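There are two complexes below, and they share chain A, which is joined by chain B in the first and by chain C in the second.
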Partner chain A sequence: MYPKWLWPVFAVPGVLWLILLFLVPFYAVIGVAFGGIDPIFMNPVPSWNPADWQYDSMIATLKGFLPGNSYWTVLVRTTIYVALALAGSLAIGYPVAYYISRHAKRSKGVLLALLVLPFWVSYMMRMLAWVNLFSPNGYINKFLVWTHLVTTPPDWLNGNPTSVVLGLIYGYVPYLILPLLAALDRIDRSVLEAARDLGASPAEAFYHVTLPLSKPGILGASVIIALPMFGDYYTPNIVSGSPKTTMLGNQIDIYFHGGPQPSVGASLTMLLSLFLAVLMAYYMITIARAQKELQA
Partner chain B sequence: MNNRDSRIERILGHFRRGDLSRREALRALGAVGLIAGAGRLLDFQAIADEAGKQAGPGGIPLSRPDKPVTLPLNGSPIASGMQPESGTFQIFNYQDYVDQKSVIDTFAKKYNVEVQLTTFDTMDQAITRLASGAVDIDATNITPDRIAQAVAGKLLAPLNHDYIPNLKNAFKSAQNPFYDQGAQYTVPYNLYSTGIGWRNDKIKEDISKRDNPWSVFWDPKTKDYTGYTGILDDPRESLGMAMLYKGFTDLNTEDPDEIEKALADLKAAVPISNPKVNITEYKDLAEGTTWMHQSWSGDLLGAAIFYMPEGTKPDVLSFWWPGKGKGAVQGDAWALLAKSKKPVLGHLWLNHLLDHEVAYNNFTTFTGYQPAQPIDADQLIKDGILPANLKNLILTEEDLGPGSLQYCQLTAKGTALWQNAYARFSSGA
Partner chain C sequence: MSAASGSRAAKSGTGKSGTGENGTGGRGRIAERTFSHRLKVWIANPWGHPRFLVIVAWAYVLISIVPVIVAVQFSFNAGRSVTVWQGFDLTKWYFSEPAYSVWHDPRLQHALFQSLKLAGLDMLIATPLGVLLAIGLARWRGPLASASNFIMLFPLVTPELMMGVALFLVFLNLFKFIPPSTTAQVLGHVTFSLSYVVVIVRGRLFSIGKQYEEAAADLGATPWECLRLVLLPLLLPAIFSSLMMVFAISIDDFVISQWLSCGSDCDTVPIRVYSSTRGAPLPSINALAAIMVYMTLSAIGVAWLVHKFMTRGERPEGRGGMMQNMGGFDM
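Now for the complex of A and B:
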């Protein structure tokens, strides 16, 4: 018989990690959002006591998100880019994960290793490689011209939203495939066999059994990549660098990069977190519902 | 005034009278939970705009090329004739902005010390790290717009010029700069102008021959360059370019209407020339991925000297800047930290940087940025370092001093106005 306290102790490192590396820094961001600045150096001076919070900066930032105001366009653009990149990632990632889970057999280990391969190279380096490939005289354009698919090389890297969305897909798709693969692997094969025994075609079995059962996995993997995509600023910087493709992360970067308004950067960060918390809540509710359905 | 404000005012009163240091004032405010309210008062009232005069941090007047400022002395300089200290000497600088071989190693060898270089990405980051004590530094690179701030925060030590005889090598106006009259805290390092750099093999037009060369970014006739253009990723430089385009030369304006006009003009350039916004023109122009870019002269020099791909000659690069009083000339400096345990060595480091041979080698073999010293452009051309068509990259004494334009320090309110305008430009809204 183990003492009652034993198993909760295993959670201590995780809880400490959460407190030290998430809760405390996040409260610091809140403190900066509602705080002041050092009058000499213009560094942020966090306000730790909620009684001393100043709300001017947060209110002004909130107003900026109203239609027609300064952050509205960039919020809409960011949401569209993330939605498209998510759809693209799923279109690429789901078949890959499905194939590895269901049909890879002996090559599964090799394919998994190949999936992990992009993590060996830093995200920044992979994006910079794209810049070379898609530059005006890069291999992609040379190939397109050589094959007569185009007569004038496309301008991939100058404010082209397609490049930013493709960049996001390229950067984040491995992070989607792995959790999706784990979710697909967990689906009980006997359920699929039962569907087939009851006369479902392979396509029907997929549509009526595999897909609904993989919904929590799809949602989970989507959340994992959507959250960092919303805060991403280096992908548009590297593959575009144009005001036409700026994302919300770039706006946060401007205010945190220097100047007397770190509270605006912190307010933007908080509001983005709030927006993402709504998405996260939807994910949690869906998972809870799915579990209830399974138990029923 | 309520009780809370009166408590803040009382502490600020002590701070203004000099009874409390900045740190002590902040600590006192923090102890009674009033720092946020004080930040508001200090930010826009107590410090930034005293008696209607534009003043910077600590009440130090904002310096301008035509309004030089003598900074208040923080203590006394070290005595003359002392021996340099031993041990590890710590310097703080941008990455790739001082040559290891011709500058750092020669200094280390000369004074038999070890030199440790710590780098920063931006001047904001540098000031933050210095102010918080996160780094233990003896000498730092610093831009003129942050010097008063560093002096007000008591970060810098006053200099004894007996240790810095090479100051005479600098341009005369740089020996006595407007932002630090008498060079009490700083010595000049490098200089650069802001203009347009372009690839003359891609762009057939000589942009410098236009009545207003800035107009090239707003000219629908130049649609062939669309997508191959760029402007500097810098709030002051980008909005400043829009001001100069319209002939407005008060680059330190805090007039919201003027900043709004510049923002509207800058936004108007986006659908026409589709510029990238970055500071990588030194390699993009050299590689030909960008054909025309708002450029710092130092970056064009760097491109010509170091970044041209094999088989491409540097004379494919061209540069134009508007000239004194019409375009910006910027520079940076070096200073000694007040907390330095090696002040003598620090002085000798500043002197070393001003040595003409050291400065010239640093420029021509590493940074590409011209030192604030007379440079013989003809000799550079003769030596094959610089193509003849880029002679205008080299600045002379005549380009500096009163009447020149420079992006200088603003009040916190003014900085916020520029920053907000730039954020709106950057958002593409």
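Now for the complex of A and C:
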């Protein structure tokens, strides 16, 4: 009923937009990473032709990732922070999602609305709130002193790794819970009933049925929050701001906004993309698969 | 999210579906009627309901929301502190204080308008572009279509920092006619919002199917009439959800705005909040952030009402619910 050329015509403007402002920019990162540096102004001169690529800054950056060197420390630190934040988020997020999907009855609507609320409060607003609470004379320290848990209030906001991990958890848990909830909701209840009918205890049914069935959801939700956490530089800056808690994102930010070496920054960005490629691919495959299911 | 469909399952399945701690829930159908009795049963029977989970869930919800409420509270502080409560003043940091209130501090006022400007332009550009792309990608077949679909998914999974660096470098080195500016910021915002629009609209496209357009064509409608009189009205709820979604992610964005910023004239609210937290913030920063919260929450309220109005008469189990549209990216 529609002419065949109509659909490509519909798609062209958007696809062109993405090519010009998404793919080409990534090529610009590669060009700058393998480009030279203007000797007078010290700004990068990108090389667009792969034949002209220079590998000096990339090799120098790669050397930094050897164990013991500076980027290695940052990479290890970033991975540890992200892993801890991910574990913490799952420890909080899974029980919450499980409760809402399985047991909440009348409170389900209210709980869902409250869960979605943080999505509509800007991330920076939530970080501001967090910093206000943890500031030297903020409510948290007042509470700790009042309950005599500590005598001198701890300094949360100057290079304290605990605060960075807590900040990451606080910032990203909402993005974990909703996909997890969707995955848990999709589990067929009759499977659980069958497990119980066949004599499994509630704990066994959970361990042998619910948990394995929610594994794709756990993986997917973890990838969803791990990706932005690896690229995060603002959270450590806000809750710590100290070089002792620098993450990879901070390192990239510093090279562009503070330092004179954008080509090193570009190399770091490229390496970070390669490092995250597996996670990104996994996420893309799951989205594509979900869309195929919708289509069917 | 698919939670809406899950709640029905929850109702029919509660009780006998013995998972986790819920062992004997099926018994108290009649007893559940009075609140005091329910409370007694709840206290007397440690296995009736997963108390640990109840506590974790509500504690989480409280912890996620209370800090924001406290931050909003301090936007009404009568003093200059954001951590010590010095009395209530409704308007001081919003507009009465002559030099530092949101309205009178030019930087704060400018940031507010910059954020709204970016979000507005983003909505105006990304929504039509995304709707067309969604329709095109959903119906166009062939290797080029698959490649386009692949490109479309990329922005969804790319960490914002990488996109920020990439756009920053491309405007600096290749598209030199666009310096870091409001224009660059708008282009960046559209780039990352586009795919969200596509995902939302495409979900709706699949759920309405082709039968309505085919019926219209059988009855003599031209292709143009099919698009305008059948498809467009059916897509309206998704278009509306997309507008809200684009507004929300644009208002919330920090990374792209910062990387493409031209300096203090391009500061948005998140950038202003970010740069103030490390200094000595005044409650006016809380007021600025709070204004954004009021705006998004009232926008969501309106959106919910409008969406309810638009999809009235549709069966609720359909795939077009707003919650579900907005979470179209769930796993």
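What we mean here is this: the second predicted complex is superposed on the first by the 240 of 296 C-alpha atoms of A that agree within 3 Å, B and C clash if a C-alpha of one lies under 4 Å from a C-alpha of the other, contacts with A are read in each partner's own complex, and residues count from 1 in each chain.
Everything that follows uses one rule, which is that a residue touches a chain if its C-beta (ideal position, glycine included) is under 8 Å from a C-beta of that chain, and two chains touch if they have at least 3 such contacts.
Small disclaimer: the values here were computed from a predicted structure and weren't measured.
On chain A, which partner's contacts cover more residues, chain B's or chain C's?
C
Considering only the touch criterion stated at the top, classify A:E204 as touching first (chain B), second (chain C), both, or neither.
In the superposed model, A:E204 contacts neither chain B nor chain C.
With the two structures laid over each other on chain A, which partner does A:S135 touch: chain B (first), chain C (second), both, or neither?
In the superposition, A:S135 touches chain B and chain C alike.
By the touch definition at the top of the document, which applies to A:Q291: first (chain B), second (chain C), both, or neither?
After superposing on A, A:Q291 lies in contact with chain C but is clear of chain B.
Could you say whether A:F119 touches chain B, chain C, both of them, or neither, answering first, second, both or neither?
second
Answer with first, second, both or neither: which of chain B and chain C does A:G241 touch in the superposed model?
Both partners.
Check chain A for residues that touch chain B in one structure and chain C in the other, and list them.
The overlap between the chain B and chain C interfaces on chain A comprises residues 135-137, 237, 241.
Quick one: in the complex, what on chain A touches chain B?
Against chain B, chain A makes touches at 34-43, 45, 47, 49, 51-54, 70-74, 77, 135-137, 155, 157-159, 237, 240-246, 250-251, 254-255, 257-261.
Touching residues of chain C toward chain A in the complex: what are they?
Residue list for chain C touching chain A: 1-3, 5-7, 9-11, 13-14, 16-23, 49-50, 52-54, 56-57, 60-61, 63-65, 67-68, 70-71, 74, 82-84, 129-130, 132-133, 135-140, 144-145, 148-163, 165-170, 173-174, 187-188, 190-191, 194, 198-199, 202-203, 206-207, 213-214, 217, 223, 226, 248, 251-252, 254-255, 259, 269-270, 273-274, 277-278, 281, 285-286, 289-290, 292-293, 296-297, 300, 319, 323, 327, 329-331.
Over in the complex, which chain A residues touch chain C? Could you list them?
Spelled out, the residues of chain A in touch with chain C are 1-3, 6-15, 17-19, 21-26, 28-29, 31-32, 44, 46, 92, 95-96, 98-105, 108-109, 111-112, 114-133, 135-139, 170, 173-174, 178-179, 181-183, 185-186, 189, 192-193, 196, 202-203, 205-206, 209-210, 216-217, 220-221, 224, 227-228, 230-234, 237-238, 241, 249, 252-253, 256, 262, 265-266, 269, 272-273, 276, 279-280, 283-284, 286-288, 290-291, 294-295.
Spell out the part of chain B that touches chain A in their complex, as residue ranges.
Of all residues in chain B, those touching chain A are 22, 26, 30, 33-40, 42-43, 46-47, 57-58, 122-125, 127-128, 131-132, 149, 152-153, 226-228, 230, 233, 235, 267, 270, 274-278, 288-289, 412, 415-416, 419-420, 422-429.
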